[in-house]
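One chain, subunit A, links the two complexes that follow: it is found with subunit B in the first and with subunit C in the second.
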Partner chain A sequence: MLQEESDISLIIAQIVQKLKGSNLYAQLERQAWASLQRPEIKLESLKEDIKEFFKISGWEKKLQNAVYSELSVFPLPSHPAAPPEHLKEPLVYMRKAQGSWEKRILKSLNSMCTELSIPLARKRPVGEQKELLNKWNEMGTDEPDLSLFRPVYAPKDFLEVLINLRNPNYENGDSLSFRTHLGLIQVPLKVKDIPELKECFVELGLNTGQLGIDDSTQVPPELFENEHVRIGQKVLAEQDSAAAQQYIRQGSPTALRAELWALILNISSQPEDILYYEQLKTNVIQHDLLVDSLIYKDVKLTASNDDYYFVFEDYLYQVLLCFSRDTSVLNHFAYNSASPPKSYIRGKLGLEEYAVFYPPNGVIPFHGFSMYVAPLCFLYHEPSKLYQIFREMYVRFFFRLHSISSHPSGIVSLCLLFETLLQTYLPQLFYHLREIGAQPLRISFKWMVRAFSGYLATDQLLLLWDRILGYNSLEILAVLAAAVFAFRAVNLMEVTSLAAAEAVLADLSTLKVMPLLQIFLFATVT
Partner chain B sequence: MSRVSVPCHVKGTVALQVGDVRTSHGRPGVLVIDVTFPSVAPFELQEITFKNYYTAFLSIRVRQHTSMHTPAKWVTCLRDYCLMPDPHSEEGAQEYVSLFKHQMLCDMARVLELRLILRQPSPLWLSFTVEELQVYQQGPKSPSMTFPKWLSHPGPCEQPVPLLEGLPDPSRVSSEVQQMWALTEMIRASHTSARIGRFDVDGCYDLNLLSYT
Partner chain C sequence: MAGKVKWVTDIEKSVLINNFEKRGWVQVTENEDWNFYWMSVQTIRNVFSVETGYRLSDDQIVNHFPNHYELTRKDLMVKNIKRYRKELEKEGSPLAEKDENGKYLYLDFVPVTYMLPADYNLFVEEFRKSPSSTWIMKPCGKAQGKGIFLINKLSQIKKWSRDSKTSSFVSQSTKEAYVISLYINNPLLIGGRKFDLRLYVLVSTYRPLRCYMYKLGFCRFCTVKYTPSTSELDNMFVHLTNVAIQKHGEDYNHIHGGKWTVSNLRLYLESTRGREVTSKLFDEIHWIIVQSLKAVAVNASPSLTSSTANDRILKYNLINDTLNIAVPNGEIPDCKWNKSPPKEVLGNYEILYDEELAQGDGADRELRSRSGQSLGPKAGRSRDSGRTVLTTWK
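Up next is the complex of A and B:
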């Protein structure tokens, strides 16, 4: 009992400390001051009266949403003896692996820097600043020479690192035994099996209405869709984050999706936020970073070539360039196993006062990074709101897809979950693919790292991301990957090489996500 | 509640195994760690903290000091405490753990020696142990003060002064002022940990190469 009480007070103290620096705190303070004019606030019961006022005017709800947001994002406070690295990643060998991976990335970036003789960062001359400001809304028309740049790494390089991940305390015998994993991932993390997944994703069951299934043209809207839309509007009127998160597990109507996501992520466009975005824009105009060229190259290679997303090219630059300058992203490294790269001001090597992070937000983009932003452009058209939503999605979910950690939503666990599901429920297919040298993870890895962005049709992708927000977990990506293999199992059993298997699974744009998930989880005879 | 670390001597781990250690192929699944307190009198145990390293279950036996001339007996105070919910997977494998007095099965009033019995039934791990073991006893209670006599034994109640016309009740005013004072103290004590947002140093962001340390 004592332990639980002290745990809760520790969590409360931590959340209060975090919220003290936020806009909401300043606003609540202002509201409290203003409310003193009101007749119902009496001096002798000041605290209770102000609390009552907050409850009635909706400010308590905003505070509730902020607290819920903090609880969803930040891990619980750990043991007092645990050092900060333990909060980032409890397993020592994974921390080491992430450290060496990061070193490789830094070496690659440094060598690109020296080879091309381009500085990591430089201040733009005034003329160039003016030019960029004029071209801000149409940076896509710019055609800089990017032929010498190459992406720092691609998902397949990262997959090789994960394949070689080993626990030194684990029996990794060379000979095949009951201990060897038959897939590519060789670390024994705990992953859920189908009965546990059924419990976790209970709202996707056969008896619950879903958008993506029960809103198709054959189903009359009175059965489910109309009522679901009505409830959605009510949730938005209440402005309750937790209710919205529960609601969106059954999918979000297209018209309400933008607002629902903003409510769940606790984003409200205040003037301060627009001002913050403008400040980031100023930073982009003043300083030119090497990372900018990497972003340009990535957008040109991926989003610009995509049928659905090429129209948003300019938005992508506006979001990603500002994202690189945003130091508030550095806060997420407290619970991310990765660490931001460090550098020193020229001529002051080793002096701590001149140590800075590079890029300012600590995140080095890789090949395909811009695809995290592209689907959001369908929902948000105002750059500062689009930016805020992307930033929140990144620090809650996407960062886990490209860092080595033991978290259940981390990419290592997702890979292991995918392989375990396939091996347990489609053993014949798994064995066949393994025999022909086409390990299934080699095909599905790129889907999971990008959260299926660019592989599914956009409406299906947004239905999938609804569930990521609703369940606050990325495990659904691994389940969908296994479900896709299950769907195309008949064709896959006939292939005889990795290339042929890739060809069978090359085009996912016709797939309907929710029926696949439902059948795999709830309707497959095991 | 404050706590004070008790200096302890952790003896080397002893593996319990059936058969000859050299010839049998399996690794031991039970380890025993003895913890003694050489320079400390029998004390009341408050808390034990350690860092787990792939131990699945923990039992603790304690030998306490008894007043009479009866020899001290070993008593189990913690039985099969689960540190890893699934012994075959990494969950809980490297976590920091605290065990408190109220979780123990017996009274921990006069502890002489502790014996930790670690079990790891899974054959997948090469070794297992607990690290950074610390034992705590209860810290000193807040020092007792002697109050002056007039504070602890208030004199007989005096006749309350009759209220002057038009002035508020003094006890009500004092309670309100107390509340206001508490609120201002809270506000003064609060500070924020928000970042400012500058990424450059004095407007300069000309960098060397990235640093590897």
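Up next is the complex of A and C:
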């Protein structure tokens, strides 16, 4: 009892500490002062009256949402004496692996830099600044010579690193047994099985209405859709983050999605936020970074060629170029196993006072990175709002897809979850694919790293990301990947090569995500 | 089983021929006995021109109505809509209702338009009322964006003035005629770009009017960002969306060809603008289509040239569904056919308007539930909510 209490007070103390520096705190203070003018606030019962005022005016709700947001994002300290590295990643071997991976990436970036004799950063001459400002809304028409740039890494390079991960403390013996994991990932992380997933994703069950299934044209809307929309509107009116998160597990109506996501991510476009974005834009105008070219290249190679997202090319530059310069993103490294690459001012190698993070936000984009932003363009067309939403999505979810950690939503766990599900519930398929040299993870990895962006139709992708927000977890990506294999199992059993398997799974654009998930979790005989 | 359908075409396109062959239809020449002739526009003109006096027999179907150019040619289209509106007004139909400024409430879907050189003086009068406006000149008989340009000064269209001394070489034949319309310079933009809609509508009969809209229409985007600034009036890549024009722009991307499906458009609009506005938009689009058809006859050939792989697949399926409706069950055509096709053969078409059903008894709601038709899930349902705005089909 005492332990719990002290745990909670520790958590409370931490959250209060975090919120004290926030804008909300300043606003609440101002509101409290202003409320003294109100007749109902009496000196004798000051505290209760102000609390009551906050409740009625909706400020308490905002505070609630902020607290909820902190709880969702920041991991709770397991032990008061745990050092900060443990918050990033408790397992030493994982930390080490992430460290070496980072060194490789940075080396690759630096050598590209040296080869091309391009500085990591340079100040733009005034003329160039003016030009860029004029072109801000159509940077897509720029045709810089990007032929010499290559992406720093691609998902498949990252996969090779994960395949070689080993836990030095784990001895699984030389003899193969039925417990031997036949997949590519060879680390013993705990992943859920289907009964546990069913419990976790209970709202996706057969008896619960879903958007993505029960809103199809054959189903009369009175059965589910109308009521669901009505509830959604109510949730929005209440401005309750926690309720929104619960609600969205059954999917979001298209018209409400933008607002719901903003509510769940606790994003409200305050003037300060718009100002902050404008400041980032100024940074872009004034300084040119090497990573900018990487971003350009990535957008040109991926989003520009996509059937759905090509329209939003210019938005992508506006978001990603600003993102690279946003130092507030550095905060998320407290709970990310990754660390921001450090660079030193020329000639001052090793001197900490001359160390800078590069890029300023500490995130080096890889091939396909822009696809994290693209689907959001379907929801938000105001650049600073779009930016905020993307940034929050990144520091809550997407970063886990390209850093090595033991977190249940980390890419390593997702890969292991995928392989385990396949091996356990579709053993014949798994074995067959392995025999023909088509390890399933080699095909599904890219889907998961990109959170399926660019592989699914946009409306389906948004329904999937609804559930990521609703369950505050990326595990659904692994489940979907397994469900896709299950769906195409018959065809896959007939292929005899990796290329043929890839071909069977090349086009996911016609898939309906929710029925696949539902069938796999709830309607398959296990 | 009765004999196989005999087909002819003078358009060598695989999307057509593959569809005929997969049904096991028999290819014949136009001099033989044929049932189904997919004609090019030129052939239609010859076949149905007054001189040849060609008449279709009862077991023959073609892919165009004889008066299709009433919708293709811009001047005829405008004439027909104006005439239709006046007729409705004369009948006292509620559709022709106007507001206090004299604007049609329900039939205001064509911007102010004049024929040149015939209406030149009328146009000048209108132009002078708002001299800073932009107008768009479109040649009557051309397609694919050819010959279109924008003007904002009278001097730019001096040639078309009837009194002009230079008009002697501008023949009065319909080939040189243009329509000039008020240019709408605040179009809906997506990603800062202008786009248009390419929708496929199949008209199977005129009386009663039975038409179907293909669900998989698409939007075509400009490659360049839109700007209403007058300096860009000459830049056709900003203002015109025809693929033929965009294809030659520097930024044209051959993998996707600057297109979105209509369902994408719907998703985007619903997400960013809300459900009601989007449903209203699509209702109104359908309304315009049906009214235009009622005003007149049917359009000439859509382009069967495919620009991308996806495009080819789309057009193949489109022709497939079209044939399924037009020649149900692969039976030899019979001009006495009058039944509505059953829902299963519609494929990706939806019933846009079925006059017989619309004129049957009972409210719209009853009709829809009886025949299982709807104009798309959201559009149909929104009407259930009892709106009395004239976006119903009666």
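One rule holds for everything that comes next: the second predicted complex is superposed on the first by the 516 of 526 C-alpha atoms of A that agree within 3 Å, B and C clash if a C-alpha of one lies under 4 Å from a C-alpha of the other, contacts with A are read in each partner's own complex, and residues count from 1 in each chain.
Here is the rule we go by: a residue touches a chain if its C-beta (ideal position, glycine included) is under 8 Å from a C-beta of that chain, and two chains touch if they have at least 3 such contacts.
It should be emphasised that the depicted structure is a prediction, and the values quoted were computed from it without experimental measurement.
Engineer: Would subunit B and subunit C fit next to each other on subunit A once aligned, or clash?
Structural biologist: fit
Engineer: Considering only touches as defined above, state whether A:Ala121 meets subunit B (first), subunit C (second), both or neither.
Structural biologist: In the superposed model, A:Ala121 contacts subunit B only, not subunit C.
Engineer: Return first, second, both or neither, reflecting whether A:Asn137 touches subunit B, subunit C, both chains, or no partner chain.
Structural biologist: A:Asn137 sits against subunit C, while subunit B stays out of touch.
Engineer: Check whether A:His381 is in contact with subunit B, with subunit C, with both or with neither, and answer first, second, both or neither.
Structural biologist: Touch status of A:His381: second partner only.
Engineer: Check the residue A:Leu109 against both partner chains and state whether it touches subunit B (first), subunit C (second), both, or neither.
Structural biologist: Only subunit B; A:Leu109 stays clear of subunit C.
Engineer: Applying the touch criterion given at the start, work out whether A:Phe312 contacts subunit B, subunit C, both or neither, answering first, second, both or neither.
Structural biologist: second
Engineer: Between subunit B and subunit C, point out the one touching more subunit A residues.
Structural biologist: Touching more of subunit A: B.
Engineer: Given Cα centres, how many degrees, to the nearest 10, is the angle at subunit A formed with subunit B and subunit C?
Structural biologist: For this superposition the angle at subunit A equals 160 degrees.
Engineer: Considering only the touch criterion stated at the top, classify A:Tyr170 as touching first (subunit B), second (subunit C), both, or neither.
Structural biologist: After superposing on A, A:Tyr170 lies in contact with subunit B but is clear of subunit C.
Engineer: What does the superposition give for the shortest Cα distance from subunit B to subunit C, in Å?
Structural biologist: The answer is 30 Å, the least C-alpha separation in the overlay.
Engineer: Need the overlap of the two footprints on subunit A, from subunit B and from subunit C, as residue ranges.
Structural biologist: Looking at subunit A, the two contact sets are disjoint.
Engineer: Looking at the complex, which residues from subunit A come into contact with subunit C?
Structural biologist: 137-138, 140-141, 216-217, 221, 253-255, 257-258, 304-308, 310-315, 377-381, 458-459, 462
Engineer: Going by the contact rule at the top, pick out the subunit A residues touching subunit B in the complex.
Structural biologist: 1-3, 17-18, 20-22, 25, 43-44, 46-47, 78-79, 81-82, 86, 90-92, 103, 106-107, 109-110, 113-114, 119-123, 167-171, 179, 187-190, 276, 279, 283, 287, 325, 327-328, 330-331, 341-347, 349, 353-354, 356-358, 360, 406
Engineer: In their shared complex, at which residues does subunit C touch subunit A?
Structural biologist: Checking each residue of subunit C against subunit A gives 190-193, 221, 224-225, 251, 253, 255-256, 258-260, 263-264, 267-268, 270-272, 274-275, 278, 310, 374, 377, 381.
Engineer: Spell out the part of subunit B that touches subunit A in their complex, as residue ranges.
Structural biologist: 49, 51, 53-54, 85-86, 88-91, 93-98, 100, 102, 123-128, 132, 134, 172, 175-176, 179-180, 183, 190-195, 197-201, 204-213
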